[in-house]
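Here is the structure we will look at, set down as structure tokens.
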Amino acid sequence: MLRIKMLRSSLKSKQLELLLMTLIALCIAPLMSKSTYFLHVMIMIFFFAFANNAWNILSGYVGLVSFGHGAFLGLGAYTSTLLLLNFGVSPWIGMIAGVILTSIVAAALFLPLLKLSGHFFALSTIAVREIIRLVFEYTPYVGGAMGLTIPIIASSSLYYFQFSSKIPYYYIALTLLLVQILILYKMERSKVGYYFIAIRENEETAKALGVDVKRYKIIALVLSASFSAVIGTFYAQYFLYIHPNSTMGVLISVEMLLSAVIGGSGTLLGPVIGAFVLIPVETVCRVYLGGMWEGFHLVIYGILLISVSIFAPGGIYGKASGLLETLRSKWRKGK
Amino acid sequence: MSWGMLFLQTITNGLLIGAVYALIALGLNVIYGVMDFINFAHGEFIMLSMYATYFMFVLLGWDPLLSLPISMLMLFGLGAISEIFLVKPILGERMVIQVFTTYGLLLFLRNIATFFWSSTWRTLPTSYSDVVLSLGEIRISLGYALSSLVALIFTIGLYMFFKKTDTGIAIRATSQDRETAKLMGVDVNKIYMLTFGLGSACAGVAGVLLTLVYPIQPEVGEIFCVLSFVICVVGGMGNFMGAILGGFLIGLTESLAGFLVAPAYKHIIVFIVFIITLLIRPKGLMGK
Amino acid sequence: MLYVNKINVSYGDIQVLYNVSFKVDEGIITAIVGPNSAGKTTILRTISGLLKQRSGEIRFKNANIDNLPPHKRVESGIVLIPEGRKIFPALTVMENLRVGSYPKKARSVRRASLDEIFNLFPILRERENQMAGTLSGGEQQMLAVARGLMSKPKLLMLDEPSLGLAPKLVDSVFETVKNLSKTGITLLIVEEHIDRVLEIANYSYLLENGRITLEGKGEDLLNNEHVKETYLGI
Amino acid sequence: MEKLSSKEAITKIQAVVVSVIIAIAVIVAAYFAAFPPSQKPLVTEVKIGGIYPLTGAYAVLGRNDRYAIELAVDEINEAGGVKSLDGALLHIIFADSEGDPKRAADEAERLITVDGVCAIMGSILSGTTSTSAPVAERYKVPYVNEGSTSITLTEHGWEYFFRVTPHDGLYCKFTFDFLKWLAKDKGVPVKTVALLYENTLFGKTAGDVWKDLLTQPEYSEWELVADIPYDSKSLQYDTEVMELKKAQPDVVFMATYTEDSIMLQKTFHRLDFECKAFIGIDGGHITQYFVEGTGKLGDYVFAEARWSPDLKRSISQEANARFNERYGFNLDGHSARAYTAAYVLYWAIEKAGSTNPEDIKNALVNLEIAADEIIMPWDGVKFDSKGQNILGKGCIVQIINGEFRSVYPRETATFDPVFPQPSWEER
């Protein structure tokens, strides 16, 4: 509850201006920079911000920590790609199909897990994700262990979601992210958002207050899975190759969690800020140190992760707003 | 070889590997039971112990079973140090923070191993690990038999420690009610350090034993990571006997699934067993 | 023996104790009585070190113990038997007693303490190897007291020892407390059963809304009009 | 309640440290965005990107390839660099894919747009090649692949993709042809075969190709008695071997990674599984680690190694000697191909006389290298319209006393194979 209050106060006036300015800067950034690699890094930031937010709905707001979100991302990616490859369906339509299919699978396979709590839920999501991944790896029809390669159909086509330039991808990712943030903003302020947090803070109390806990857990699960599926389609169209391991594996599932946590899970902007901090840091580590000595850049990255979690366990967002609050109150006192 | 003998062989394999699984999971479970903490870098602790054993063998010529106490102590120390610097600051925090920190630790350890010892595979050629024992038609490698035996002895030793010593009892008391334990004069901080050390020592012993049967590489911890969670949860998180039961259960499931269904599906079946167990008993077989 | 001087204690932003001061003299039974949620338990938790006061000091045997962690306080002789008994349910009776004598000093005289305790509570000897969680309520209370005694306390603090017990058992609990006092242990009891505790207490304090409002000998408080009206319903 | 007090105890120091971390992160990110990490282009330098898994599960392969490429590049530079460019030196910029397809694409993007490389080499794993090659395709930068053998890679119609190595289809067929020759040469009939392969991209491809070949009349004399895919992340492989014991095949074809190849070989011995020959393809069986890990037990295994240090070809043995002198171990199937690929790219640049990617691509398209110029036991290098080297060949070795001895093709072989292998008791 405390965090929400902080958000409320922080969204007032000045920070709103700040947000708007950031937004404008993001919109014109591609026009200013000639570096396509800069655009690529920005796209990756948007990609992870979106994915983090998706994870955050179930794991941050409702508090059911999941290591299984790779499964949803992968299902989304596979649905749209299979539709595209077999029937020439536009990935945009595939995206919607992916959302529907993923919601169904999520409801069917993860639903029984919702009654588990805490660590048990978290660890069981690993198992469900592994099952889905292994099934995809063993099924030749969906590409099996070979994965699926999306051919370059057109140099630039909105219908096929393929562009030779980075700029359309940039704006698509940015738009997706903004729309998602808007939806989440609405959600957070609605009763659904309150119920989510109530369930996280104390499930029994929430039940006693008349919240249909099970129903809202399912809502969170489906929402979370749907967003993951959307970004899965983006993944497929951006990288043009999907594989059970790379879209449903441990790595992507953990990555979806890392920057959400570093930013501050359970908050609206935390995961986004996390992505803006962690992705550049990871990239810089890899680009500058990756080719140098074996493993060195990941050693540094690991140390960074550890130190942030020890010094800012509430996430950077919480830490930063905490600092802002203290500064402000000091300033007031000084006055 | 008749079907019956093959079946017996399968059961034997399952039990042998189960003992090692149990030991791997035990370390994790002891820590979880007392501290409510999941160490995602547990597999990396095993990996470090494997390297320690390897280097003692190669540089000093010490047999793994002789250097076992040293590796165990090293890992105990590593665990205790990690507890002081990494775990204590985040102990009361939400679970995601634990994941975050120990994932950082995992990346750190894995790559520091790559950095110093490179990513090459190493094997520890003891004179006895490839010796085969025959029990009738059933065949067991001495390496496996020894490692299962030592795992079992260590587990029993640990059990006696928890059952008979004051410190062991204090650890159990802390796991049940840390506040009251404090009121009884138990230094809970010290107990935590000790527990984390002990859990890591389990990883240490497991690492030593695995060098007898498995090649060593910086990424080797990955194999143990998911598996040890599965075992812990199936048996019952935080339950001593749960880890052992879970270890044998998963070992047997893996072997039987491979034998009766198909080797390729053994991991899927393990995960399905895992899910079913959880749905029937949401806190694991021995959980309360 | 124990001096509590103007302590203020809060849970987060909510202050529970305001300038609470009292003392416990050696060898007698001191009681703190008061209504539910007056802050009685908080006092005991602060003395035992589970909570830290914002201000004020606590002295035990003329030494400031403010910076000692809980286990050091136990070693110096302060033991709290918590509200609701809080025995370790999955340990046997014997193991519970062993945890009770965990501090080094207590460990060295464990044999003797055990004999004493089994003299005091013969039933525990019978139940020695039984899981503590399977004991009856009364037996659990006995075990809790016994476990506290195992560390050879100088000051034994009891938090609501009669809570949740049948009236008959309550009698025996207070009987035990009286007997303990005779062996020379200093006792500090916190109770809602005001009439019963005031009968056995040598000196008492009344705690209301986090403040000490009355103090005096047991019978003095019993005869106080305010106490009579509000708490004894006379 | 303790939790609250510990929260309160978040000290100023911690706050400062966190702000410093954040500040550094932001500054670094800003710097990175404003001044991308590009070195000033030297006129005398030809920049080539190299994407390899330098960390992660396949880091060994990445490291060995990197060593081989560094050796090749140093040799080329010492010999006077690219002569058609007035002796410009080759400069390889290595990037770490971590074995992750996403990161591989990322690094390809970076190498091309930031570092401005004129060609890319990489990336061993078919998975990472699948994402990084399209990036090169998009920027029209040639991509010279040394060791990703998944068949489909050359089926996408990529114009800038050149695969120096033969693909899995050829290698698998090569092992079959070898067995046919072997059975005939030794006069030992082979009736039943079993397939044992790990269940991801690499092993699965091999398994599928083998199964497909077995349906063709050419190999109809062999009966498939066991088809066993398995998960290579296991602590034991008893069930897999028991399946084999049930089936009792004459020959087992295997596609494995390193640790599982070692574990499997030990399990064969322990469970007393006998057959006439084990034939491995690439993967675990061709590494030194397999020999070290299995000791005596690894003897007599055949492996499609792509290369062998004892090839009857002087240029090969010299290259290996130089490699061994520098790094202390032999070239293997992977690193030898990386070494070759580096030379192939160099010859193309030499021929193009330009650092323009388009020119290099055209040079690659028309490139023809004779057999005696390369260290591989191939007929040479020549790319077809799909970018596949059509002159590639396999190379079968047998492990004898812990050494790889080349046994097939006979032109470059130095050893007469032992077949059938002695039983475990006889060794």
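Letters A, B, C and D mark the chains in the order given here, with residues in each chain numbered from 1 onward.
The definition used in the following text is that contacts are C-beta pairs under 8 Å (C-beta built on N, C-alpha and C of every residue); 3 or more make two chains touch, one makes a residue touch a chain.
Since the model is a prediction, treat every value here as computed from it, not as a measurement.
Chain-level centrality, scored on Cα centres against the all-protein Cα centre, points to B.
Summarising the inter-chain layout, the chain whose CA centre lies farthest from the centre of subunit C is D. Mean C-alpha positions place subunit A and subunit D at a centre distance of 34 Å.
For the pair subunit A and subunit C, the distance between mean C-alpha positions equals 52 Å. Centroids of subunit C and subunit D (each the mean of its C-alpha atoms) stand 73 Å apart. With each centre defined as the average position of its C-alpha atoms, the distance from subunit B to subunit C rounds to 42 Å. Counting partner chains per residue, subunit B has residues 111, 114, 118-119, 218, 264, 267 touching two or more of them. For subunit A, residues touching at least two other chains, in rising order: 138, 294-295, 297-298, 304, 308. Under the contact definition stated at the top, the residues of subunit C that touch 2 or more other chains are 50.
Remark: subunit A residues 59, 63, 65, 67, 112-113, 115-120, 122-124, 126-128, 130-131, 134-135, 138, 250, 254, 257-258, 261-262, 265, 293-299, 301-306, 308-310, 313 touch subunit B in the complex. Considering their complex, residues 10, 14-15, 17-19, 21-22, 25-26, 28-29, 32-33, 36-37, 54-55, 59, 63, 93-96, 98, 100-103, 105-107, 109-110, 113-114, 127, 130-131, 134, 137-138, 150, 152, 156-157, 199-201, 203-205, 229 of subunit D touch subunit A.
Every residue of subunit B that touches subunit A in the complex is listed here, in rising order: 32, 38, 86, 89-90, 93-97, 99-101, 103-115, 118-119, 218, 226, 229-230, 232-233, 237, 264-265, 267-268, 271-272, 274-275, 278-279, 282-284.
Those residues of subunit D whose C-beta lies close enough to touch subunit B in the complex are 2-3, 6, 55-57, 59-60, 62-63, 199, 228-231, 233-240, 242-243, 245-246, 258-259, 262-263, 266, 269-272, 287, 289, 292-293, 295, 297.
If you check the complex, the residues on subunit C that touch subunit B are 48-50, 69-71, 74-75, 79-82, 86, 88-91, 95-96, 98-100, 102-103, 106-107, 147-148, 151.
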